[in-house]
Amino acid sequence: MVIVMQASASAEDLQAVISLVESSGFHAHINDGVERKVVAVLGEVNIDKVELVEHFEVLPGVEKVNLISAPFKLSSRQYHPEDFIVDAGDLAIGSKRIVVAAGPCSVESEEQIMQAARAVRAAGARMLRGGAFKPRSSPHSFQGLGEAGLVMLAEAGRETGLPVITEVMDAHDLDMVCRYAQFLQIGARNMQNYTLLRAAGQTMRPVLLKRGPGCRIKELLMAAEYILCEGNDRVVLCERGITTFEDAARNTTDINAIPILKELSHLPVFLDPSHSTGERRWVTPVAKAAIAAGADGLIVEVHPNPQVARSDGKQSLHPSGFEQFMREVRAVAEAVGRTV
Amino acid sequence: MVIVMQASASAEDLQAVISLVESSGFHAHINDGVERKVVAVLGEVNIDKVELVEHFEVLPGVEKVNLISAPFKLSSRQYHPEDFIVDAGDLAIGSKRIVVAAGPCSVESEEQIMQAARAVRAAGARMLRGGAFKPRSSPHSFQGLGEAGLVMLAEAGRETGLPVITEVMDAHDLDMVCRYAQFLQIGARNMQNYTLLRAAGQTMRPVLLKRGPGCRIKELLMAAEYILCEGNDRVVLCERGITTFEDAARNTTDINAIPILKELSHLPVFLDPSHSTGERRWVTPVAKAAIAAGADGLIVEVHPNPQVARSDGKQSLHPSGFEQFMREVRAVAEAVGRTV
Amino acid sequence: MVIVMQASASAEDLQAVISLVESSGFHAHINDGVERKVVAVLGEVNIDKVELVEHFEVLPGVEKVNLISAPFKLSSRQYHPEDFIVDAGDLAIGSKRIVVAAGPCSVESEEQIMQAARAVRAAGARMLRGGAFKPRSSPHSFQGLGEAGLVMLAEAGRETGLPVITEVMDAHDLDMVCRYAQFLQIGARNMQNYTLLRAAGQTMRPVLLKRGPGCRIKELLMAAEYILCEGNDRVVLCERGITTFEDAARNTTDINAIPILKELSHLPVFLDPSHSTGERRWVTPVAKAAIAAGADGLIVEVHPNPQVARSDGKQSLHPSGFEQFMREVRAVAEAVGRTV
Amino acid sequence: MVIVMQASASAEDLQAVISLVESSGFHAHINDGVERKVVAVLGEVNIDKVELVEHFEVLPGVEKVNLISAPFKLSSRQYHPEDFIVDAGDLAIGSKRIVVAAGPCSVESEEQIMQAARAVRAAGARMLRGGAFKPRSSPHSFQGLGEAGLVMLAEAGRETGLPVITEVMDAHDLDMVCRYAQFLQIGARNMQNYTLLRAAGQTMRPVLLKRGPGCRIKELLMAAEYILCEGNDRVVLCERGITTFEDAARNTTDINAIPILKELSHLPVFLDPSHSTGERRWVTPVAKAAIAAGADGLIVEVHPNPQVARSDGKQSLHPSGFEQFMREVRAVAEAVGRTV
């Protein structure tokens, strides 16, 4: 249930609504919208709220009360009708200007991450990605450099002036990761690791939340809900391909998810064309498709020397390929009224 | 196996190759390429061709012999390295100029199809679509007007100067359909109706072949192979969404399929964003995505009055929506170096 | 909508109901049930039938009127509450006695089909399968022996006393196929070939209808509806595996489909464990699973010499493997109160 | 790579092999098989081991050296050819006697779990399940009673003499959970939570590992590998349904997975028919199917009063339904040479 306040409602009106929400056994979350405020009424979903509607509708300053049937509330456009812009340093994600985050799958060495950072910066990326903790299907695969990798990543970010984003796999690594990275990434395998989601919410850092490859769009929004419930509204949703019967590519890019997420939610939406295709040659056309469909940004793998990458080399762009990628993405962005 | 001839090979050289192919128990298909000719050697796939390679390699005029491991041969880029342009009247599908086919799901009345034809023509469509035979999941649903519908469709095409495309569901309707339509469509449910594929091949009419929603990319190419084997090379492949676990949209648009099909095959590739999303609001962003990803055309449902459509109303654009669709698609097309 | 008559309703009562159904613009199908008759009221699905309910409810002899929301009507248990038994010669499919149909994927030679027929008969199969028209993904693969294969199949059936089942791919082959085979099979690729479904309905021969690998359970029931609408009620539904992201097996056997189909429909249900697994070693455990879950029969590939089979050798049982299969299936059948 | 020792190999032979493995930069895991010992050679998968084969083959006591191409090693039958039996108190999981774990989805109250425990014990269950930490898609749903729930569960287990199994969602809850539960469950959403897998491995408690609904069979085996790598070999694999396009049931039970997992791995395999179907009426037929296909056990939801269950009521059996379930499962178990 969301309670939409009149544009003219006073602070006292709002307070009265909040008080009734809480005395009725619910939690109130306030969306402090530009035009009008919206109060989300949260609690265990099975409780019948229909009869409460009329109690709220008659309060002073209330314009209307909407029951939301969707199980996601705080991530819903009904709660937050305007597009939401995730501010992160100089970046305004979700604004007219598209943000490209780029860098290697894994941080492998000081030299590798520094080369990658310089290359992606030169080509126009505005965020540096690089993994220090790698969730690998097999325990016998390279697992990342850990804190040493974070140190190298932070240094490469500092030198190039790019904010850094890195994956966190465990709630108990959050303090450490937050010392090095401006932006947190929660990977596809952890999309429903609720302990991690809550803890990431508590850091108040911006979070890029990747869709699990076997998860529905509404499950992604419910996962985002776990972060938002902690009071952290800086969440960016990221499509990265789903598992289907089609085996010509590593995953199936769910391009429909872009306009659907933009319709259901106010949160910015990214695509990761590297994972969603799994093949360098298809990264650029699919990235352009995402921008044409309305995505707010891209996160893409670039490696100074993909042939020797310790993970995901097949889908990583060369620096020269990334320059071409940026040129082509920029042209499509302009065609849809945006910049890069 | 394909035999690539030298650019300087003579007609006699080619004839000698063909003779040896056929005396070895195979069929030869010739791709009369701009730079050089390629001979596809076809026969039952289980026959071992490896030892034949050396017999062909030593013939005069032969540049090289490639074994093709893929089960599709004539639809493969190895057989036909250049992009293929399907000529159909004034249209050159697969060229720099993108082709949009538009019109209602079903032909419902003279007035309806004429209104639709004028509207889509005015907005820039270059082909008129409309179904007279409707493959419906339920036998209790509207099944189309049959030949009466074809008459109306042909008349609307004539008046607006648009070539028409319509679905054929049965090999024994082909003669009738060919009297009214310039372009044949084989629907998703019939993608593996081999009798129909062969018969459509024999008509020598251009064929739009839609991917079955549960079929892999390589199965689509093998279905195209059935048409090509009959000597009809004017085939357009069409992605129209696949069935996956995601239920937010009617189907999942497999956007990866666009660059993958363009890489594996020389045939032009269309998207049907109406079926691949199932929802009017998502048709335009997904159509733009397809063009950004490299599609050669679009086939889209437009109805003068979608609320009363007898089929697919939910996913049909209004005429005004289609104008907006064309404007947005055109902008993206120009960004990728094409026109509409 | 179905109209359930009282047990005591007279022939005149029934006739009056039918007359009102037809004068209202619908078709009536009568289920002549053991205890009571049920009338299905069929017509284009979009017509609102709610207001008709009260007109029918007050007629003499009517017990109740049920609106059926499912798009399948004649294949629904609401229309036909009791299990339906498909009589075919000596076989009563859907009865307590489970029926196993077995034989090679393709008829390859007189000797091969005769050996196969004798072997499966000796081990307890009660129907002989064998393909003469093979729907192959690639036009370059073996396509079956055609009518010559049907002759061999019929002869093998005659000699062993087994009724034969064979796939028909095209409506225009039906007359020929019916001269040789007692039981028709419609394959997975043709599940939505509506011309073929209607024509098979008109033959009045029993039909085994295989589920398309990308089709939902309710789509299978709607495909069956096409056959039933022609007045042919002898339809057997067959699960044969669906396409999913799991690639360890050729398909994913949808075992849930067995109890779901038995609940939604009165029609008998078979499993084809050869196609649903694609691997000889998994055929027997999955066949046993189907019987345990309530399947009424199995159709399984057996080849006298699978290594040299021209199609599907990998998933075909050896004759000795089939004997073991039958022993194991029989034990499970008895555990669920049935025989083989 | 696995090194199979001769039956007659001495302890010194084995030690020499281990020394060479470790001096070559790998880890050695020893399967102390009944007939012969097998040494698994583990390390980062990308390292080429082919040339090492000949070094090991010539060592005294070595019978043969097999390269394992599969990315799972310790969970592979090549490493452990015999079936493995997970001993847990009185239970021998993977033996001829099938184990049924039953109980409510969530522990809701002392009375509820005690009633459930008595009912499932009386009907023949040998393990009590009940969740105290519930991974719910929505943060607004009931999340479980936490440690209070564990206390109630442990008490119910004590009184009925049933060992208890409960889900652990976070590595940092493991100590607490291990104080109350004999058996750990890792849920489908956490199948690739590698921190949790490793930590569960370190507890040395038996672990039931559920397959993620979007994960392939080989990914399940690689997840098991994370536990096994810690030296904990008591892992039970559990199929619980996968996400596919079929929406008639909550999930699609992948029955093929039972014989495939039994072939690829030595670990015992369970099915959870409650989650794999999502509907009480289909639980028993699908459970019987799993036993017929070779499953070693079942984990099933039973609630004293499913209508008021705080989670999963729709798929929970009533106590009387569970008695019937056990009778039917027992009959099928006996038909495949096992007991319950």
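Order of writing sets the chain letters: A, B, C and D. Residues in each chain are counted from 1.
What we mean here is this: a contact is a pair of C-beta atoms (placed from the backbone, for glycine too) under 8 Å apart; a residue touches a chain by one contact, two chains touch by 3 or more.
Predicted model only: the values in this text are computed from it and were never measured.
Chain pair with the larger contact count among A-B and B-C is A-B, by C-beta pairs in contact.
Because chain C and chain D carry the same sequence, their contact can be compared by residue number, and over half of the numbers here are used by both. Across the assembly, the mean Cα position most removed from that of chain B is the one of D. Averaged Cα coordinates give chain B a centre that lies 33 Å from the centre of chain C. Computed from the mean C-alpha positions, the centre of chain A lies at a distance of 37 Å from the centre of chain B. In chain B, the residues that touch at least two other chains are 214, 216, 242-245, 247. Across the complex, chain A is touched by residues 214, 243-245, 247 of chain C.
Here chain C touches chain D in the complex through residues 214, 216-218, 242, 244-249, 252-260, 263, 276-277, 281-282, 285-286, 288-294, 328, 331-332, 334-336, going by the rule given at the top.
Residues 42-46, 71-73, 135-142, 169-172, 189-190, 192-195, 198, 212-216, 219, 222-223, 225-226, 229, 242-243, 310 of chain A are the ones touching chain D in the complex.
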